[in-house]
Structures are given as C-alpha cells and as structure tokens.
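Letters A, B and C mark the chains as written, and numbering starts fresh at 1 in each.
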Amino acid sequence: MIQTLELSVRTQRRNELVDITAAVQEAVQKSGVREGFVILYVPHTTAAVTVNENADPSVRVDIEETLSRLVPAGPHYHHLEGNADSHVKATLVGPSETLLIRNGSVVLGTWQGIFFCEFDGPRHRRVYLQIHGE
Amino acid sequence: MIQTLELSVRTQRRNELVDITAAVQEAVQKSGVREGFVILYVPHTTAAVTVNENADPSVRVDIEETLSRLVPAGPHYHHLEGNADSHVKATLVGPSETLLIRNGSVVLGTWQGIFFCEFDGPRHRRVYLQIHGE
Amino acid sequence: MIQTLELSVRTQRRNELVDITAAVQEAVQKSGVREGFVILYVPHTTAAVTVNENADPSVRVDIEETLSRLVPAGPHYHHLEGNADSHVKATLVGPSETLLIRNGSVVLGTWQGIFFCEFDGPRHRRVYLQIHGE
C-alpha cells in the first residue's frame, strides 16, 4: 500500500528551519500504516529537509547561521539570480529523508524533530510524503 | 516487484556534476512502474549523487567551486593518495538519493535535475538504480 | 516482509567515525532477505551515518578533521550546551542512508564501508536497521 500526500509550508525568512514534525506525524497516523517507512521529498532547488533537535530553538539558529557562514550570499557566484548560495546549501543538506514508521508513528529519537530548510524565502513551499507499509 | 539496473557515467574533469536526469527517467519509464520509488546508489567513495537546478548550467559550477573552496585539494591531509578532499566531499553530498515515482515518471520539481557528482575524475563510474512499485 | 533491528555502538572520542559494516552485513545476512534494501537510521541529533572508504583508516581521520575545521567547537553559538557544532555536523552528514541488498548482502563498492559518525562522544549510541525484501 502506497500513499502519497503533500504538505504546504509557508516560510517567513530567507533562511529558516521550519519544524514540520507534527504535520508529518499526523499524516502518518491518518494513513493507518503501523509498520513501514515514509519518504519525505522536497521538490525545490533552494530548500531541503533535515532531522535535528527541536527542544532548544537555538539549535536551528546555529544551523542556519553556520550554513550561511560556510556558504555566504554574495556576488562571487556564476549563477546570476542572487541565490547561488541557496542552491549550494540545498545540496549540502539534501532534498529527502527516509524515516521509519513503527506502531503507527514516525520513529524519532528523544530530541529529534523534522525540519523543512528554507534557503531562499520567504516562499510557499511543498514537501511530498510517500508512505509505505501495512 | 524490484528491478535493479546500472547506469554508466563517463566523467571528463576532476570535479564535475553530470546531469543524469534523462537516463534515470528512461530507466524508470522502461521499468513499467507507475507508482513507487527509485533508490539511486553510487558505489564509489569519491563521488556522490544530488538533486539541484538543471536549467542554468552555472548552478552546477557554483556547487563544484563552493565545495572545492570549503574542502580544497592539498597536501594537508593524512590520506596520501591525493584525493582526501574527494572523500570528504562524497560524505558531505552523500552516496544515495531516494526519489518518488508517480504516473510512470520520477517526480521532480520544475527546476530539478539529478546529478552524478564526480570529485576525483575523470573516470568511468556507475550508479545503481533499484526501482520499486507497481 | 519488514524486519527492524537495533545496533549498539560504543564510541570512544568526541568525533569518531566507527566502521559498522560487518554488523550491518551480519544483520542483513541473518534476515534471510536476498533482494531488497535496508534503511539505516540514527535516532540522535549529534551523530550521523555515512558511507566512505574503509581500506585506509586515514580517510576517516581526514573526514573528522575537515568537518571540525568547517564547523569548529567554540563559544560562538546560541545553543549553550557546548555541542552546537555537533548538531550542525549531524545535519551536514545526515541521519540516514538507504542501501541496496542483492544476493543476500548489502551492495557496497570495492572500497566502501558504512560508518557511524559520532560528533559528541564518547557515548552509547544506537542505529536502527529496517530491512525490506524477499
């Protein structure tokens, strides 16, 4: 049984990690799948998805700021749309994650949350979820 | 139904993102799978696979150059084969991607293409595709 | 058929790539799955999993040191637990990998091994394996 869904994410800043854990858990719980996996896929070239701590909000600020220190915006790129840095960050973090489902929920460690990573916002964005299992 | 295929990639430069979108789409379309997913896997330790913009070719140059700025080649590594930088880049980008299949094609955003990432070319390389679905 | 297992990993240093190839291969071989895939998932926010060379141990040292050069530990972060760098590294490398199974074994290139990436050790850690196939 394969179920495919789409989440909408509204980002507010150019660089922003948005916690989508609750929306992903709700989609998985509604699917009725008890044991399986879910593929998260971001169909954008200046955004990504990751898993990291969602207890202390400062962790996501450190991730945003460190990525911007490593890959700063600026005029020193070949791509002339002003978002070359956003594209590079998207490849460093990656467009997808595959997460496990057990007992009807996504398996996450105690401190883990799922984050949509905006690198060229604010924008309306989408995340696809493909849920597999029984 | 599981189908496993192998793509060959001939790279031309030491660092090079090669667009393999058409080859992956063709393999998925030939598989007959309408709904499912495909795992792309790179069996090399100095190469990787990513998804990013394939409309403006300068995006891939920015990715190549930024990775080389962050992880430059040079004599300051422990691994003495001259490609320690290539190994580090492979881990930063990652050896696999899982992509969704819907209506018989790989799901990609408007601007997305699939890129084999060469970090120690030129070489003959391979990408494995494992296609799942019905 | 879905089988889920858990590996234990005891790390010895703050930053350390631990070769878990043999443990993953053993789990897959015991599962009886001949053709399929295995999802590796790290339920921690300061650790990750990657695939890279396991022939020359200096490659993993170069990966550890380069990541620490790019994302150094220090007081210049917002997260005040002293491991903000560890969280950023976890997102750069990523919490999961999906590997192919053929002929009853994980498919790996000649030089590839599977590494648990510790970024805030030493600790007791876990890796989940979900094995799919027939």
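Assume a contact is a pair of C-beta atoms (placed from the backbone, for glycine too) under 8 Å apart; a residue touches a chain by one contact, two chains touch by 3 or more.
This one's a predicted model, so the numbers in the text were calculated from it and none came from an experiment.
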| item | value |
| --- | --- |
| Homomeric contact chain A-chain C: same or different residue positions, threshold half | different |
| Magnitude of the superposing rotation for chain A and chain B (Cα, nearest 5°) | 120 |
| Distance between the centres, which are taken as Cα means, of chain C and chain A, whole angstrom | 20 |
| Overlap residues in chain A, where contacts from two or more other chains coincide | 70, 92, 94, 98 |
| Of all residues in chain C, those that touch chain B in their complex | 35-37, 50-53, 56, 58-59, 61-63, 65-67, 70, 92-94, 97-100, 102, 107-112, 133-134 |
| Residue ranges of chain C in contact with chain A within the complex | 2, 4, 39, 41-45, 70-71, 77-81, 84, 87-88, 90-92, 94-96, 98, 128, 130 |
